[in-house]
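The two complexes that follow have chain A in common; it is paired with chain B in the first and with chain C in the second.
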Partner chain A sequence: MMRLLPFDHAIRNLGRSPRRLALLVGGSALVSLLVLGAVAFSRGLETSLGASGLATNALVLAAGSEESVERSEIAPGVTDALATGVDGIAVLAGQPLVSPEIHAALPVSLSGEAVGSEGEAPEAPPVLVRGFEPAAFAVHPQVRLASGRWPRPGADEVAAGPEALARVGGAAAGAREGATLLIAGQPFTVVGTLHAPGTAMHGEFWMRLDRLAQLTQRTTRSCVVVALGDAEFDDVDALVATRLDLESVAMTESDYYARLAEFFAPIRALVLATAILVSCGAALGGLNAMYAAFASRVREVGTLQALGFGRTAIAVSLAIESLVACSAGALLASLIAVLFLDGAAVRFSMGSFALSVDATAIAAGLLSGIVLGVVGAIAPIIRCLSLPIPIALRA
Partner chain B sequence: MSEAFIRCEKLTKVYRKGDQEIVPIRDLDLEIARGAFVSLMGPSGSGKTTLLNLLAGIDSPTRGALHIGSNDLARLSRGALAAWRSREVGIVFQSYNLVPVLTAFENVELPLLLQPLSRAERARRAMEALDTVGLGDRASHFPSQLSGGQEQRVAIARAIVARPPLLLADEPTGDLDRESADLVLALLASLHRDRGTTIVMVTHDPEAAARADTLLHLDKGRLAARESRGAEAAR
Partner chain C sequence: MIRFALVALLLPILQTTPPKPPTDAPRIPDSVFVDAEPADAKCVSVVKKDAKKGDTVVIQAKIGGRAEPFVKNRAIVIVADRCMKSCDQIPGDTCAKPWDYCCEPPESLKANTMTLQFTGEDGKVLKTGAQGVHGLEPLALVVIEGVVTEKDDKGTFVVRAKRVYVEKPAEDEGASPNDKPKVDGKDPPKDAPKEAPKE
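Right, the complex of A and B next:
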């Protein structure tokens, strides 16, 4: 019967070669971290968009603007038409939960921010600003006020999502309630802080609908969100389909965000592809390091063969070393990801979302480390064991 | 006359290097008795190390027969050869070939990992082997913490720890100073004398060769001369 080298022989060998161990663990951690980061990006985007919409809400927006609520413009009368035309809509304090909203991407900066070297105003990033009415609190239960108060009608006031504030540099500048922001060039005071973690709304500014309409000089709304209550989505859909004068379409809020996720699918694919390519580069580096680490042991492997150890026993022992080191690297990468990547904000054009280091991301990271451990060991093992023993002994 | 332990018949080894054919061992007939202490001498390229590798089963003959004990090495598979080596042969290399990340004790214990022994029994036998070579107090030292002579003695302990009937040594004193070389040679002589171990030693050193009871001179892959001292052990 073939006798294998004991498991602790492989572990002992690893522990006695700190440089080789560091090379293997570091290379594997880098590859795993890249894969983990890419999957966390994809999962974060997916989760954020998924959590932002409710299947129990219907979203009514302009026909032809199904992919972008910011581009949608519907008449103010749509709100009343929905409130009176659909039976069974959820009601709170006698009021139907129908929330007209304006979604606008506006340049936002901190008031008093330094101007550029040539005196021009610094370019402010566009951030999503949502105009709301009180029904919004009920139709978007994911959002609550962490501190402060809601903006008042007509007032130059906003409630700020933490990510939105961070995006305009407010977090770094220590801006909080009481701070003044320039939104589309006009000053607004932050009076409250939104709390909607894991949703797109964590990265928005909210002001009252009438004030945003005035600011953007529009009379139209972007959309109306309807809390269905006892009504069916088909009731809302039938109404907007028959009332051609409304020039609107309806979809469930979750469908809207699912479509938005589809819109971002190429970006996710691009990020994954980039991460995979970079990981391949890192993996090649890791493989090279592993090859060097093992190839330097040709003589040791020759000696073990001369002592009577079979090639399979030696190959298994070397593979265990590689697997253990690479798994340790993958675990280290997972720990780093959980501590430093999970929840980290990714900001893009008008929004932001948080990286999600969930079980899927960790599984992908661990798997990449294990694959590297196995695949990376193959070439050097073949190299070590393919040499005739007398030549290996003199290596 | 003693029973032949090692028997080579028309033993030939051919290497190819491009179009060139190299024949380090050519039609060699040789018998070595059980319990003999044989020195293999000869100029560089005479085939000494190749013959030793063939005897160790780490190289395979191109033609001819090679019997050691009851085994026909030419007929054994690679795996069977490895198993045979673990039971029957101890090898001492010129450059020691200790595993650098293992202590002296762990290096000596290595061959015992191939035996069905308990951890305690392995430890006992490894320490016994280290004591035999006078290095019991260096068990926890790494090779880098030992002198060349000490390293070679650890290598000898590793070669004898599984109590093999055959010990092969390739220039065991080649890298050592005279004093260390004498210690190593005395050790080999005592193993031969006390345990009856069959020893085949390749050497360039006449003083080392003089420790053996038989001197075999190889030239161009053939047995050129045979010199016996005391009992005729090799023919």
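Right, the complex of A and C next:
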């Protein structure tokens, strides 16, 4: 039976050079953090889009605009056609839960922001503004009012998602209810704060449908969201397929967001690929440190061989050293991610989502640390053990 | 012992065999599909213009008109006028769903498409999908004999199918059945209607 070196031999060796150990742990932590961050990005985007749409809601939008609700334009009459033409739709207080909505990306800025040196208006980022009617509260149960009140019909009022406010700089300026925003150049008062964590709605402004229609000078709607209740999605699809005059298509809300997630798949892949590439650079740095650490111990390895320890036993001991150091780095990265990355907002042109440091992300981070520990030790171990014992002893 | 092991191995396989659909599940009757093309077929746009609710009509059409021309669990199909060019008939077009007629203006699409329904004895639309039944697939050429059940001046036109003839795909690989759209069994005239018919 092969005689292995004691486990604590490997552990004690790690402490011989604290600087080298710190380099190894730090390098591993960096690699793990990058991989973990990329997976958290991907999971966050996926989770946010998944939570934004319900399978129990049907989304009716313009034929040909299936990919983007912002581009969709349907006639206002579609709402009534759905409310009266589909049996079994969910009902609340005698009203069918059919929510006509306008989704528009509009430039939003805080009122009173400093103008540029030549007097030009500050650059306002486009933020998704949703026009709603009361049925929206029931068809989107993920959205709640955290504070304040809902905007009134026809009034220059909005309810703001916390991420939407942060996007226009409102969070930094401490803007909450009562603040004035310039939406498409017109002043609106924030009268409420939306609460829809983990969904796309967390990064939106909501105003009444009639006011947004007036603001955007449109008579059409972007979509109609139907709470299916006892009806089946096929009933809605059948109505839309029969009423060709509606010029609409139907899909479940969850399907729409799943398609949107597919649309973002290349971006997610790109983020992951970038993280892996950067990780490779960091990993090479770690490998170099490990190589130097093991190379300086050639004589020690030769001595161990002379004492009768087999090459496999020595290789296992060196691999344990590397694995323990890299795993410690991966654990450190996981801790940092949980404390500082989880829930951090990522804002992009049309909204925002939160990074999700879930079990999958942590597993990916830990796995990358373990892989780095095992793979990274192979080359230095071969280098150490390839020398004949007499030469190693004279090294 | 070996027998026991065999049973133990086969049991999970047998259990994972998908259950057969119930025999009383609604299905489109085979008798609806005929081998002979109903005579005197007309274009969708012509029938939409001339027919009244309750009329029996014979229409030649092509399955398509939106990205998903079949309703998944209802026997409802969108069909389009053969005079309209589907994307596969446009040289150089690489549309992934050529049956959606995405190059057609919405008004033309509304004027040249209609809804085909398969109903049960109770007159209600069958709760089963029509895709794949007797060759009903996107871009398939069909001749339909049926009764107009809904019509309005906004574009709605629904026909309840009585007989459906599905044209067999052309044998010659070089000649797709969609290459030469026919009107009333003949090659379409150069001024064949394509836009919305003027009232």
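Observations on the model:
Here is the rule we go by: the second predicted complex is superposed on the first by the 394 of 395 C-alpha atoms of A that agree within 3 Å, B and C clash if a C-alpha of one lies under 4 Å from a C-alpha of the other, contacts with A are read in each partner's own complex, and residues count from 1 in each chain.
Everything that follows uses one rule, which is that a residue touches a chain if its C-beta (ideal position, glycine included) is under 8 Å from a C-beta of that chain, and two chains touch if they have at least 3 such contacts.
Every value quoted in this text rests on a predicted model; they were computed, and no experiment measured them.
Superposition of the two structures on chain A shows chain C fitting alongside chain B with no clash. Residue contacts after overlaying the shared chain place A:244 against chain C, while chain B stays out of touching range. In the superposed model, B is the one of chain B and chain C that contacts more residues of chain A. In the superposed model, A:16 makes contact with chain B only, not with chain C. In the superposition on chain A, contact is made by A:3 with chain B only, not with chain C.
In the superposition on chain A, A:64 makes contact with chain C only, while chain B stays out of contact range.
When the two complexes are overlaid on their common chain A, residue A:234 makes contact with chain C while staying clear of chain B.
Shortest separation of chain B and chain C in the overlay equals 45 Å (C-alpha atoms, whole Å).
No residue of chain A lies in contact with both chain B in one complex and chain C in the other.
Across the complex, chain A is touched by residues 49, 53, 56, 58-59, 78-79, 82-87, 89, 91, 93, 97, 99-102, 106, 110-111, 113-114, 158 of chain B. Put simply, chain C touches chain A in their complex at residues 65-68, 71-74, 76, 78, 100, 102, 106, 109-110, 113-115, 117, 125, 127, 150, 152, 154-158. Contact residues on chain A toward chain B in their complex (touch as defined above): 2-3, 5-6, 9, 12-13, 16-17, 299-300, 302-311, 388-390, 393. Looking at the complex, you find that chain A touches chain C at residues 63-64, 66, 232, 234-235, 237-238, 241-245, 247, 249.
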